[in-house]
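After this come two complexes, each holding subunit A, first together with subunit B and then together with subunit C.
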Partner chain A sequence: MPKINVKICLGTTCYVFGASSLLLIEQFLDDHIKNQIEIEGTPCLDLCKQENKTNRPPFAIVNNKIIENATIETIIEAIKGKLNNENNK
Partner chain B sequence: MKDEIFIEIHYSNIKKYNQNISGDHFLTKREKNNSRIISVLSDGLGSGVKAKVLATLTSTMAANYIQNFKDIKKSAKTILQTLPVCNIRKISYATFTIVEIKNKDVRIIEYDNPDFILTLNDKIIDINKKNLTGILNNKRKYELKLSQFKAQYGNRIIFFSDGVSQAGMGTKKFPIGWGLESIKSFVSEIIKEQPEISAFNLSEKIIRMAQRLDQNKAKDDITCGVIFFRKPRKLLFISGPPIDKSKDREIAEHIKNFNGQIVICGGTTSKIVARELGKKIKFNLDLNNIDPEIPPTSSIDGIDLVTEGTITLGKTVEYLEKYSNFSNIKSNPVIKLINILLNNDKIYFLIGTKINEAHQDPNIPIELEIRRNIIKKMISLLEEKFLKETELKFI
Partner chain C sequence: MRTINNATIIKKKLLVNIAKILFNKENPKLLDKIPINMIPKNQNNIRCCIYKDRAVLKYRMMAILGYNCEDEENELKPISEYFNEINMDKSSDENILTIIDVACSSCSPSHYKITENCKGCVARACINSCRKDAISIINSKAVINYDKCVKCGLCMQACPYNAIVYIPVPCEEACPVSAISKDKNGKIKIDFKKCIFCGKCLLACPFGAIMEKSDFVKIINQIIQNKNIVALIAPSIFGQFKATPGQIINAIQKLGFKKIYNVAEGAEITTANEAEELKNVIQHNTFLTNSCCPSYVNLIEKHIPNLKPNLSKTKTPMQYTADIAKNDDKNCITVFIGPCIAKRIEGGKYNNIDYVMSFEELGAMFIATGIDVNECEDISIDINSQKYGVLFPISGGVTTAIKNKLNTKDLSYEIINGLDKKNISLIKIYGNGKKFNKHFLEVMSCKDGCMGGPTTISEPSIGKMFYNKLLK
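Our next item is the complex of A and B:
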């Protein structure tokens, strides 16, 4: 099974809204989940610059799902969701 | 561009053993864009505070006189007459070496200091000196030595106080001190081994050797200045997306045509560069070493350093303001950027002027300054505090 890709936006705006702490997400994951994901940083995804400013930084992307106002909890939730989907296939 | 010479100047000093302050003084003045440089080394009579005062006074006066008047002989005479007189010896005394560099024309005036050494790569060059003699108001004679020449690539001017030339005096190896001839061969050996040795490293090597000859207890203040004429090391500093997308291509052209180091500060800017050059961006994530204040660097093939923009730039200015020496600070993206900045002589700033709309959000928890203002502050620090040459282009 391919690993779940977790992208964390490290653009300036996301960083000042706390993206740095999102990089520590591994510390909050069980070992068996840790092995199934890969974490990477990405330059600004431009999500903060869209016209309809309902989107809130910081942003993360779990596989293709955009998470706005991301926290460790919401990212873990998304990862678990993806894992469940995979398992149910 | 081809004829450009960068003039690197450094000095090193060790004070006399058991003294609190060095009686030698070294001073450099650079006029805007290095159109004229004046360096003075002065050795005050005796040692300690009194000597320091004499030396500081002499070198400051010398630098100011030379800067404002043309007649060296007159300036030197005035200096000699102005110095306070020593009570015991009834003489006013501080020796000096003044180096004035205007474009490539070098003038050196020496008064009682050991002769300077001129090298071209590892060869010692002999210079004809003109003696200027005169009589002071108190009937004392004085003699100055004047040398004039045109500098070229690979020239080094090495000048020092007698603490260097007399180092080791009384030892079996050097009964009358290290001496000019031995110092010349020492210098030429070092340059042969390390043809690109910086002014700083060379002056350090010379004073360390002098100190060793004095059995690590310097018998006099030891000071050595080195002036090195070399090709400038150049840096292209890119930050900020251009105001108009059609100019993206221009940034890529600048990179392709540049001969030197390149840094990019800014996520969007790095994306533009990567796209235009057809390269990938990779973040250098060390998950065990995350700094909540400074975002991590990333890499693009062919670029020496890629950092985030506004936060990193703001912190860089803060560090440049606060510190002068960065070797003891733990490495982080800001320190990496500063090391590259300080390692180069001429820095070309290519600054995009597009405003980042996401930074205008009033909810942003810290103050983010406008790029143009940060860059202006950075440039003035680099020019005034760190003596760099800069060029700024907005795009």
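Our next item is the complex of A and C:
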């Protein structure tokens, strides 16, 4: 099974609005989840520049799902959602 | 880990929105619209209604413009008028923290409370644990007699149903020097005779009712008038963005700063002079304590005057760096950029510092001008060329720098990483004649040192990790 990809935007806008604390996410993950995902910090994903999405940084992307106002909790929720989908296939 | 505080996020959004209008040289009247744009009609209110939310934003803007919220003369006076009347002088008064009266929730004094989880059980562990006979059972529920209660918390620990909770006053609790009290309406007051400007209350208040009075708008005004403005950057800046030191410096230049000085340069001089002082001190069998942390210096001056003779006479890195900048060009306008609130007071008193701003405010300027630090070209710069100064931003670094400078292993020292009530009582003991039998006492007001400052952008542990990777 391909790993679930978690992108955390570290562009300046997201970073100023708290993206750095999202980098601590691994501390909050169980080992069996950690083995099924890959986490990467990325340069600006340009999500802050889209009209309808302004003002809601920090952004993260779990596979294709965009998370705005991202917190460690909402990212973990999205990861678990993806994992459940995979298991139900 | 520092949790995300929506009050801080709102402040950052305000900074960005104000900076956008000013950098784009738009009509200042647009400033009046910011609260309405940020809290539009159809949005869910945070407080009782959107109108109160907007009113609080207006007061926050007053602080960002450099006014005391308490000084509002006329509620009808719009922000744009305050903007037009801005006095460009640096703020040099002592009340750099300002309170938004309407934002303060008037928390009731801290107390223990018996919740509805109380089952009125047979064990009566609460009554048995209480040494002041303050708990009785009325209508099958435990009740605290607050005239007798001494807030020891034993009942809370004893209750098998977790039915007793402690309700704190977050700002008072966070203040390590008991400078916060309440007026007769329950609103908070800061006693500036006691306040050491550590900034802990700012982060602690869940209502964001305490604001720092800022030079933000004044600095933007100088930039857009293309003045000869130079940045003195605290070295902890290199842990604040996911970018290289060269990219960060380049980004600050793009913003409009003509020249950039790394305050680590001044820290080289601080290290050398403090090391010299220390040699002397060791001979006289006494001890020295650092002068670079302004909040700690305030603590000594206001609360532990007995320690004054032990306080290093050496200037802070910011002051030496400002001297260098003014020496290079006496007409330049110096802006210290750092993680610290107490530096605003120190800068206000020091002639060669013109303005002080925070990392948060720098970040907001980047966002407003569309500068992505990560996408800036990397200028080659080696932060390790200031081999002592580079160590200053993280707790313990000052001691290491001085130790390296003296080239000795025999220096005995103690490091206090972050001020709280407990640490302060310890330092008071050192000041009260109980001989501190080491050579050097390093104290940083913030946990982790400047990297844990109240206005950092990076979560402190991440900032520290980024910075340590840069060190040789």
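Heads up, the rule we're going with is that the second predicted complex is superposed on the first by the 86 of 89 C-alpha atoms of A that agree within 3 Å, B and C clash if a C-alpha of one lies under 4 Å from a C-alpha of the other, contacts with A are read in each partner's own complex, and residues count from 1 in each chain.
Heads up, the rule we're going with is that a contact is a pair of C-beta atoms (placed from the backbone, for glycine too) under 8 Å apart; a residue touches a chain by one contact, two chains touch by 3 or more.
Just so we're clear, the structure is a prediction, and the values are computed from it rather than from any experiment.
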### Partner chain in contact with A:Glu26 - subunit B first, subunit C second, else both or neither
first
### Message
Contacts for A:Thr71 in the overlay, against subunit B (first) and subunit C (second): which applies, first, second, both or neither?
### Response
second
### Contacts of A:Glu86 with subunit B and subunit C, given as first, second, both or neither
neither
### Query
Once the shared chain is lined up, is A:Phe17 touching subunit B (first), subunit C (second), both, or neither of them?
both
### Task
Figure out whether A:Glu38 sits in contact with subunit B (first) or subunit C (second), or with both, or with neither.
neither
#### Entry: Larger contact residue set on subunit A - subunit B or subunit C
B
### Task
Identify the overlap between the subunit B-contacting and the subunit C-contacting residues of subunit A.
10-13, 15-17, 20-21, 23-24, 41, 43-44
### subunit A-touching residues of subunit B, taken from the complex the two chains share
267-268, 270-271, 281, 283, 285, 287, 290-292, 295-296, 298, 308-311, 356-359, 361, 364-366, 368
### Task
Mind listing the subunit A positions that touch subunit B in their complex?
10-13, 15-17, 20-21, 23-24, 26, 39-44, 48-49, 53, 57
#### Entry: Partner subunit C, residues of subunit A touching it in the complex
10-13, 15-18, 20-21, 23-24, 41, 43-44, 55, 71
### subunit C residues touching subunit A - in the complex, by the definition given at the top
1-2, 4, 9, 12-13, 241-242, 360, 363-364, 366-367, 371-375, 457-459, 461-463
